[in-house]
Amino acid sequence: MLTVGLTQYLVLAAFLFCCGLFVMTTKRNAVGILIGVELVLNAACLNLVAFSRYRVGTIDGQIATLFIIVLAAAEAAVAIAIFVNYYRTLATIDVDKGDELRG
Amino acid sequence: MSDTDIHSQREAPPGTAPAAARELRTEEMLVNMGPQHPSTHGVLRLMLRTDGELILEAIPHIGYLHRCAEKIGENVTPVQFVPMTDRLDYLTGMNNNHGFSLAVEKLCGLEVPERGHYIRVIMCELNRIASHLVSFGCYGMDIGAFTPFLYGFREREYILDLFEATCGARLTYNYLTIGGASLDLPEGFVERLAWFLDYFEPKIDEYNNLLSFNYIFIKRTANVGVISAADALAYGLTGPCLRGSGVKWDLRRCVPYEIYDRFEFDIPVGVPGGNAGIPPEVVVGDSWSRYYVRMLEMKQSVRILRQCLKQLAGGEFRAKVPRTLKLPAGEVYLEVEGVRGQLGFLVVGENKPIPRRVKIRGPSFCNLCIVPHVCRQVLLADVPAIVGSIDVVMGEVDR
Amino acid sequence: MSGEVLAFYLLAALAAGSALGCVIATNIVRMAMCLLGTLGAVALLYFLLSANFLAVIQLVVYAGGTLILIVFGIMVTSRTYGEKLKPRTSEALIGTIVVLALFAGLVAILLRAPWTPVAPTEPSNSVAQIGQELLGTYLVPFELASVLLLAVMIGAAYLAQPAKKE
Amino acid sequence: MTAQEIVDILKQRFPAAVADAAVEGLHPCVAVTPEAWHDVALFLRDDPRVAMNMLRCISGVDLHPEAEIDLFYELIAMRAPGGTARQEPRPPPSADIWQNGGTIAIRVRLPRDNPHVRSVADVWPTADWHEREAFDLLGVTFDGHPDPRRILCPDDWIGHPLRKDYEFPKEYDSIPAAAAGAASSE
Amino acid sequence: MGSILRKVALPIFLIGVAAIMGIAWAPALLCGTVDSMRDDLGTWYKWDLRGERPTLTVGNIRQYLEGSIEGQFAPAAHVRFGHSTAVAFAYVLWPLQFRITRDVLAVVGVVGFVSLFAMFAIWWERKVAARMQSRLGPMRVGGWHGWAQSLADGLKLLQKEDIFIEGADRPLFRMAAYVAFVPALGLFIALPFSAAWIARDLDVGLIFIFAMFGVGVLGVLIAGWASNNKWSMFGAMREACQMISYEIPLGFALLVPIMTVGTLRLTTIGDLQSGGFQTWLAFRNPFLLAAALLFFIAALASCKRAPFDLPEAESELVAGFHTEYSGFRWALFFFAEYAEMFAAGALAAILFFGAWHSPLPAAWGESWRHGPLWQQALHGVVFSGPLWLIGKGIFFVYVQMWLRWTLPRIRLDQVMYACVQVMLPLAMLVLLANTFWEWLVPSRSVLGMAANAVCTAVGAVAVLAIIGISIYGFVNRRRLVGTLVVKHLPGA
């Protein structure tokens, strides 16, 4: 009989985290890396909310998640701005090409 | 070349795109606007080089509606060619008939009887109104207002009814022909026309309220696609496009032909914003001015028509034209003030019934050639606004 | 099997499947759409965890804001339609091994961990409660976040502005 | 300004280039040699007495069987009410009607095979499309034209349709062309 | 057959509308009956141990209907059922007490409502446009004013070929239509048609709807991208720009009433405005009135309706993001658009204009609410019920159509200017001002009451003027806009 509890949520979050990690490390498209980061953050958020619900019983986890969501949005905005600049300079979005230290 | 020379004073491309849009460089792309596109008035094809929404360059490609009108003109007699002129600018068949007939009459030295002159003026001015109504409606649609289009067509329907009663056709008339008109006016025409003029004149103010002075419409068209007077002259613009740039030039007045010197009428021109009734955003030569000149011209046409009805003489409506009209050797070039500008015909005769050459100077053709100059550094949404305000009919551009 | 359990496994499958899609997809737009699946599923999981406010915020900010920004970024930065940047084989191989090992380790630890759950509490009015907490206990982080957002706004505007003419 | 006066000014300035002038007929016209045409055009535009500020039309006439092609350049001087157009690039709105400052046609006669003439698109920008049309339909080459392409016919069209000895192609791009009689046979 | 149908088309149409209303209304009334029955039995059997209502058996219901169980809401003697009727009725009522049945009913109801409304709205938009343009619009299909036109169009669209463009990203191309449609449908989950008519009464319902508005954009964005057409791409980019920008003033405008009522639960917000016309939130103070206006404009932009219809600007972008779509997928985009239009209108009604309440104070009809079935039904018509919300929603949809067929389209930079430099500061200002107003001016004070009175008067005049103009225009349509069926000229 399947049940739902903290463990199930944590396993799911671990899976999301691993996927995000893989995307972050292997994708060469800069936006793809950003997507990986979002996956990892989501996994963390899911963990926090699950803990807050099943273990702590307060809403502290939700508050932390709220901050994460806000910061993720901010991070995405800055990242996209950087990528646009990167693309303008190098005419590609491949992160492996950006190994020159030039202004 | 002196510094005050008009051609060195031609202004830089009048981009109206906001500074932010111009500075943000992304990727250039080539987009085809047309030949199948809702706002190209037929089969105009514009190659747009764009950077996001910013137009860097617009290159017109024409010829999709080329029907060898001039080649046909070399193979048929002038009387046979008159129906062909209907199909040049298919919105202003009467004016085209008129222009070609005048050219041939000048070449052959034919005299048109008095009543014929008046019939011609009535038909030309009615057709001018009908064509401007289409232009008004289509321009509204280019800017995104759909409703004026139907209003314009509703009024045009009355005029087409009058034409139908006169010559049986609603679009390609073949009515004004060499020597006068091919038929007399039908019974009751004068009363019906008088009724129509009374009905139509207040409608123009209604349209101005609906569209011309609409805040969004002004924002979309004022100071967009500004053509200076010098540019307009250099690029050979004529008609409302030239007058929109502030040049008070109208062949009906400046080089009078037909009997236009018998009528009183004003020549509307583009006026800078802030003057009586003109919105402050308006600049002489912008899209709004060109559009508004057409609205005012409709009023002037109504004025001419009223005077025509008063002066209309009886008698013959067509001169005696020999069955086989021989065109004497020599050439003649004659321009009339068509609806979209000066419509010119060069007819070269060689003592045969068939001319050696018929060259047509289509006003739309000449007006369209300024598009690459004006559609630079403007936004994508401005392209329909500019091309629409120049108001081309592809049948005449491609001939 | 209760509805909640069924819903959880469905949503978990959706989230995991979408995440896997992100890993597999080479087309960047498809990756973004897979991310949409994950974000949506996680938002619905928040509903299951009775974190309603968080769920809708996730939808508003993540799905409706961040993701659109990402897709927008993709459109601005891809020269050709459907440009594909495949991961290098060696990187992918090493990455797979490391990540699988990590996942196995994590699952092993998680399954063995002796959690002592407390009874799930139903927040009475979670929106009001979150508001109280934000402007009470977490006032300083809240203000810091707003300062950070302002800084980000300025920074993004500065970064995206056109290159200065030399 | 009458056509005769314009011709006199031209003859005085370009005695060699200006050939016969027919100012009395229906179509006041002056013939200019192709070599001198560009200079004459600049003079016509810039000389304050003449100031032909608008080119109305360029029409080519094939004189087959004679081995020549005529180009007619229709010019008009539009005078702003306060003087010539030269001082008034942006006329005030209350200005009176512009005046007709005289019209003249310039005839440039070219040989029928390989006709060449200097482009005047730099003098009157409107000449750009007119010259392209003359090239397309009559095969006149305009040297120094900014964009020498066909305009009405497709770019891969063969021949120049308005030549009197032009033969209509049987097909275009393997599409059968409806030449005379072909349409009725279907 | 056809000719007979044509003759009685109007009655058929009206009966159809009534039947649809009845079918929609019946489950709610029946659910209410079951609930009151459970309340009754709960007190009678004293089963109410955990604060929950008891689960009834078919037998319980039959006995109750036959009158052998007494209760507060038990049917009166003269409406008691016979044995066989009661059994049949009991089998109908029994499933309605379970949550899952009600959820299924709600989903069916939402999908049915959205599709019916979209078909109605498309037909109606065409009629409205035609009237404004002195045309007749659809007149043929179905007989009476072409009422079945949308039905016929829908059938046509269903059987059209589903065209894929060469080079299009097929999976994304397919998916995009659903990504646009599902959120538009999903937002109806949290949209209350009345206090009882709601699929899920979320405590964060308002933000949920707001979120669904935002997610729908992704569909458009992906559609434009996957079409492999530059015009579609332009449309998608415009949509993204416009939506991201207008979500901010939209959000600020939403915050204003939220700040006043202090809840995100839409049913609560609605019931706070039950005290008649003057208690509607928009008329509470001038800032709320301004917020209502801002909300409506921002919602217009979110629904990409003229003058903000840039993403599909016909004269500029051919058809924008749905240039390459055909058949059913194209229809989905349209269903989404009309669903969002209605949702925007309904949200405006719920937040600012009295939700599902009529201008009469609900207190006047309190006795009807608990009366017999016909009194309950009448209460729904006169005082508060889904009819009022749907009516108000349709009214706002009508205003959107009105604007669309009157105004030209704005340019992209002007859209951005209007958002960032006009609406955003205004919305912020209104939010701030409303905060101070609510803090400093109690609603019972002289100033508060005066502001309420003035705003109510302004609102009443505006509403009456709009309705009056509409009716005047409709009655005098022939004289005002004429008709393209050309009136023959004198002497013709």
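So that you can tell them apart, the chains are marked A, B, C, D and E in the order they are listed, and the count of residues begins at 1 in each.
The rule is simple: a residue touches a chain if its C-beta (ideal position, glycine included) is under 8 Å from a C-beta of that chain, and two chains touch if they have at least 3 such contacts.
Predicted model only: the values in this text are computed from it and were never measured.
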- Which groups of chains are still linked by touch once chain B is set aside? A, C, E | D
- More contacting C-beta pairs: A-C or B-D? A-C
- Note on the structure: Chain centres from averaged Cα atoms put chain B and chain E apart, in whole Å, by 48
- With chain centres taken as the means of their Cα atoms, state the distance from chain D to chain E in Å. 65
- Using the average of all C-alpha atoms in each chain as its centre, how far is it in Å between chain C and chain E? 32
- Per the centroid of Cα atoms for each chain, what is the distance between chain A and chain E, given in Å? 37
- Junction residues of chain A - those touching two or more other chains: 88
- Note on the structure: So chain E residues touching two or more other chains come to 237
- Pull out every residue in chain C that's touching 2 or more other chains. 53, 57, 65, 69, 72, 76, 79, 126, 160, 163
- Using the touch definition up top, name the residues of chain E that touch chain B in the complex. 129, 132-135, 230-231, 234, 237-238, 306-307, 309-310, 313-318, 405-414, 482, 484, 486, 489-492
- Task: In the complex, go through chain B and note every residue touching chain E.
- Result: 17-18, 20-21, 29, 31, 37-39, 52-53, 140-147, 149-151, 153-154, 157-158, 161-162, 165, 187-188, 191-192, 195-196, 211, 214, 216-217, 219-220, 379-384
- List of chain E residues in touch with chain C within their complex: 100, 167, 169, 171-172, 175, 179, 202-204, 207-208, 210-215, 217-218, 221-222, 225-226, 228, 233, 236-237, 240, 243-244, 247, 264
- chain D - residues contacting chain B, complex: 25-27, 29, 45-46, 53-57, 59-62, 72, 74, 78, 80-81, 85-91, 93, 95-100, 103, 105, 123-126, 128-130, 137, 150-154, 161-162
- Note on the structure: In the complex, the residues of chain B that touch chain D are 1-2, 4-7, 9, 62-63, 66, 68, 70-71, 74, 106-107, 228-230, 233-236, 246-250, 253-255, 267, 269-272, 275, 284, 330-333, 335, 342, 344, 346, 348, 356-357, 359, 361, 365-366, 368-369, 373, 398-399
